[in-house]
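Common to both upcoming complexes is chain A, partnered first by chain B, then by chain C.
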Partner chain A sequence: MSEFTDAFDLHVNDALMWLNDNANTLFEWVRASLDAAFRALDWLFALPPYWLVIAAVFIAGWFAVGRVFAVGAAFGLWLCQAMGLWSETMSTLTLVLSSTLSALLIAIPAGVFIGLTSGLMKTSDVVLDFIQTMPAYIYLLPGIALLGYGPTTAMWATSLVAIPPAMRLTAHGIKMAPVSLRELGAAVGMTRWQTVYKILVPCAFPSMMAGVNQSLMMAFGMVVIAGIVGSGGLGQSVYDAVRMLQIDQSINAGIAIVVLSIVLDRFSQRLVKFDTEKSHG
Partner chain B sequence: MAEVIVSPGSVVAPALTWLNVNHHGVFAAIAGFFDFWVSGIAGLLNSFDPAIVIAVLSVGALLIAGWRMGLLTLVGLAVCLCMGMWLATVQTIALVLLAVLLSMAFGIPLGIVISRNKRLQALARPVLDLMQTLPPWVYLVPAVILFGLGTVPALISTIVYGVAPMVRLTILAMTQVPRERIELGRAVGATRFEMLRKIELPSALPTLLVGVNQCILLSLAMVVLAGLVGAGGLGAEVTRGLTRLDFGLGLRASLAIVALAIVMDRVFRGAIPATYMPAKRT
Partner chain C sequence: MNMMKLSPVDVSAVTRPVAIQCRSVWKFFGNESAAAIEAARKGTHDKDQMLDKFGCVVAVADVSFEVYEGETFCIMGLSGSGKSTLIRHFNRLIEPSVGEVVVQGKDICKLGDVDLRQLRSRHVGMVFQNVALLPFRTVLENVALPLEVQGVSKKQRLETSQAALEKVGLKNWAQRYPSELSGGMQQRVGIARALATDPQILLMDEPFSALDPLIRKQLQIEFKQLSTRLNKTSIFITHDLEEAIRIGDRIAIMKEGRIVQIGTPEEIVLNPADEYVADFVEGISRLHLVKAHSIMSPGADKVPAGAPQASLDSDLQTLIDLTLTQKSEHIAIVEQGQTLGVVTRENLLKAVRGIEVN
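Showing the complex of A and B:
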């Protein structure tokens, strides 16, 4: 038995080394572009002073979500600042948003494509199930080997984890679009592209947004775990604090994570509701 | 604006330290209790040859869920064995089993109590929403602080994490019981307890089972994640792979986790009689 497992380990590690040796330019390129995206966003979020960000969240929250939420979110974010975790909070936000965006760039077109073709749904479900059942932090491992420690590895693993929900729900939304509307498209002589763009995607929009919300929350969970590989941000604060047994620091970082996750969740859930209200009213 | 420094942690931390110093016995007792059960279950499963355990579990799955599920169990557990992960698999099974049982023991009664009271329901909803929004990693931090590294914080945070869906679906199940059945119960003069046992619980069973299924899968995910804080089992193997940069080891443990998750999910769903199975939901 151990012969088999040894051989397995050997081959897997060899394959990873081979990739590292032979596709180095590719990974170097991926690393550079992810890094650039991360730096640009990080710079952007670090630019405004904290009170401006809090004010923006307060106003947006007041009008989009609710008064209680706006006050709570503003207070929570102020608390993040007062605990001295503002830059960590912002870089966590950067990581979550940039990873989710890059995941959506893949997930939504792929979801639309799968929704359109009839046979692919089953296969993609199996693949996505597999991706989701694997323990999420295993994806950090090839990331470390190929991309090195740091935010890029966190982004790669986070994007991968964030793809399945958005892709699944996009495909689902496209599949669920009423046949009558598709036929309408055919009847008025739309091209295939127009049918997708003007009929199917708007129909699937609420489902897609539900997917975006789920992807965002998956990404958030992953970013926090990715603190282990030195991604920076709140995850690393918690991890470092726990390792050094600084109980107070780890609790503070934990509170900041809770605040940020609630803010992100409520805002992105609002996306779903916003569209359903619009299409009904 | 004056610089204000707030640190809720430094208020809570001394309290936790105080708890740890002065009530160490309580935590040690809790830890001992859980340790006893986890090592008991794992020890029982380990005292036999893996082949025998797999055969027994497969026959069990075959009896309760049909031959397909028996075969699936056989293949799935054989994958775990072939990956050289048998000991870790057994420990993970023990942890998940214990966590799910305890989540049910807390979650179902709590859900029933909450479902009786409109005000409690309104109060419980935001709390449950919050609990399910938080990333699982957050649950590990307080447990690690109170119980140190190891199996026990993993188990406790898994239970806390698993209780939320259990409570939510119990509330849903209990409020969905058809009114006619409750009126029937009243008409034939059932006592409150009889009503619960013979009318409400059977009517609520399909939804309750969905809750248990969710609880199993979430618990497995959490137990694996808890490998990061030194809980044993498959999660620990993945963590070992991660820290040693041994991708082969990590991948083997991950594949064993996938196999285990599929077996647990399918066998449980297969064990539910078809008439109970509500429309497929995710």
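Showing the complex of A and C:
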């Protein structure tokens, strides 16, 4: 048996090497484009002064979520600035948003497709379970081998772990759309494609948004871990502080992560509520 | 039976053009092999044997009928009798295993994708038992859905939909969401949606079954008025014979996929084809169903002078009221100045009890 597992490990290694040797151009291209996207967003978020960002969150939070939240969020973000972690906070925000966004670009179409087919659900569940239960550190290694040390690898690993929840819940939402509504689509003369985007996808929207929220939270978990590979931002601050046993620094960065994740969570939960309120008066 | 009895119905039927035709339609779920079809056709196997031997369920068995233009044709049967499967053949949501379905002169099983969608979006409207409104659209946007599929411009389709909502008495609810409406109102929206494209044919799949009795009766009456006024051809599925009688010009009674009897409400109540139909008919009030022409004794000679007069189409209730108020044993049945026969109190009593009069 050990011969077999050894052989398996050897092949995995070989495959990685082979990819590195032969598909170098491809990965170089992937790295360059992810890097460019990351830098553009990072630049964008770093552009406004901190008080403007805080004011924007306060106003949006006040109207979209609640007054208590708005005050708390503004205070929390101000704390990040006061602790001297503002640029790290913004670059973590960039990383989380860009990774989740690229994860959703794959997860939502794939989820819709799987929801429409009858047989693929079980297969995809196995694959997604595999991705979700695999220790997240593992994804960093092929990233380092193929994409190098830096935010690009962090983005790749973060995107990967952010895919399963959104994909699963999108597929689930499509599957759960009432049979009578599918029949309605056919009865009014819709094409299959029209039934999908006029009926099924809107029906699945609340479930989809719950998936987006969960994907966002998964991405947050990964972004901290990705500090190891030089992601920059708060993850790196935590990792550096841990390595040098600077308890105060690690706590500061930890608080900033908590603030940021709560702010993003509440805003994205709001997306789910927005849709359900519309349909239930 | 005398000749007068069926002639008014028959004459109008023969001259009316046919809107929908169903020619020996069979539908098997599961195994649709030739052997199974052959066995079912010969009638050698019953329901359980078909399932055991061929692994198939016969949902619709050898159904043939015609629906005339402007007619409301009710298909009545208990759950599992195949009526909901049958109605889905008329816009080909379900394909027949054997047989032809002709809608407005075209065998719809032979239509290509584009023509089929055309048929569904322009010529055949459908109303569902569970309404099937989209929860994320307003009432108006729901009604506009079929027009949207047709590619009608936004302004035009909202105007048309608003007009359709007015027809069902919901013009002030256009901007609400379906969840804000009661069950009866939701079903009106369903009807408005089916009417929005002004289709010639309406398929009504137990639209009122889930509503409470008072609302149901009100909607039945409104539907009948609306479909008569707009001159729609409708196929109306129901499990309630009273509903079928109230709405239908003719009724088909289904049992285990077969049609056991087709006729006007009066024919079905007066001459049930078998025990099964007779059981249904038993509890039905005859007062508005039975007409003078089916209970009178023909011949002008038996009519005493000065007897009150009534027309051939007077129903039982009118005749009873007449004999009571006029204190007369006989009622003369007169049509276009000619005395055709007489109805006595004995005839009336027999008619109420359901005993053959002549």
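Assume the second predicted complex is superposed on the first by the 271 of 281 C-alpha atoms of A that agree within 3 Å, B and C clash if a C-alpha of one lies under 4 Å from a C-alpha of the other, contacts with A are read in each partner's own complex, and residues count from 1 in each chain.
Operating definition for what follows: a residue touches a chain if its C-beta (ideal position, glycine included) is under 8 Å from a C-beta of that chain, and two chains touch if they have at least 3 such contacts.
Note that this is a predicted model, so its numbers are computed, not measured.
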item: Touching partner for A:66 - first (chain B), second (chain C), both, neither; value: neither
item: Touched partner set for A:261, first chain B, second chain C, both or neither; value: first
item: Winner by number of chain A residues touched, once chain B and chain C are compared; value: B
item: Touching partner for A:137 - first (chain B), second (chain C), both, neither; value: first
item: Touched partner set for A:230, first chain B, second chain C, both or neither; value: neither
item: Partner chain in contact with A:145 - chain B first, chain C second, else both or neither; value: first
item: Partner chain(s) touched by A:183 [first = chain B, second = chain C, both, neither]; value: second
item: Overlapping contact positions on chain A, where the chain C interface meets the chain B interface; value: none
item: Residues of chain A that touch chain B when the two form their complex; value: 1-2, 4-5, 8-13, 16, 51, 79, 82-84, 130, 133-138, 140-142, 144-145, 217, 220-221, 224-225, 228, 235, 238, 242, 247-252, 254-255, 257-258, 261-262, 265
item: In the complex with chain A, residue positions of chain C that touch it; value: 91, 93, 116-122, 126, 128, 130, 132, 134-136, 145-146, 148-150, 176-180
item: Residue ranges of chain B in contact with chain A within the complex; value: 1, 4-10, 12-13, 16-17, 81-84, 130, 133-138, 141-142, 144-145, 221, 224-225, 227-229, 234-235, 238-239, 241-242, 245-254, 257-258, 261-262
item: Chain C-facing residues of chain A, complex; value: 178, 180-181, 183-184, 186-191, 194, 198-199, 202-203, 205, 275, 278-281
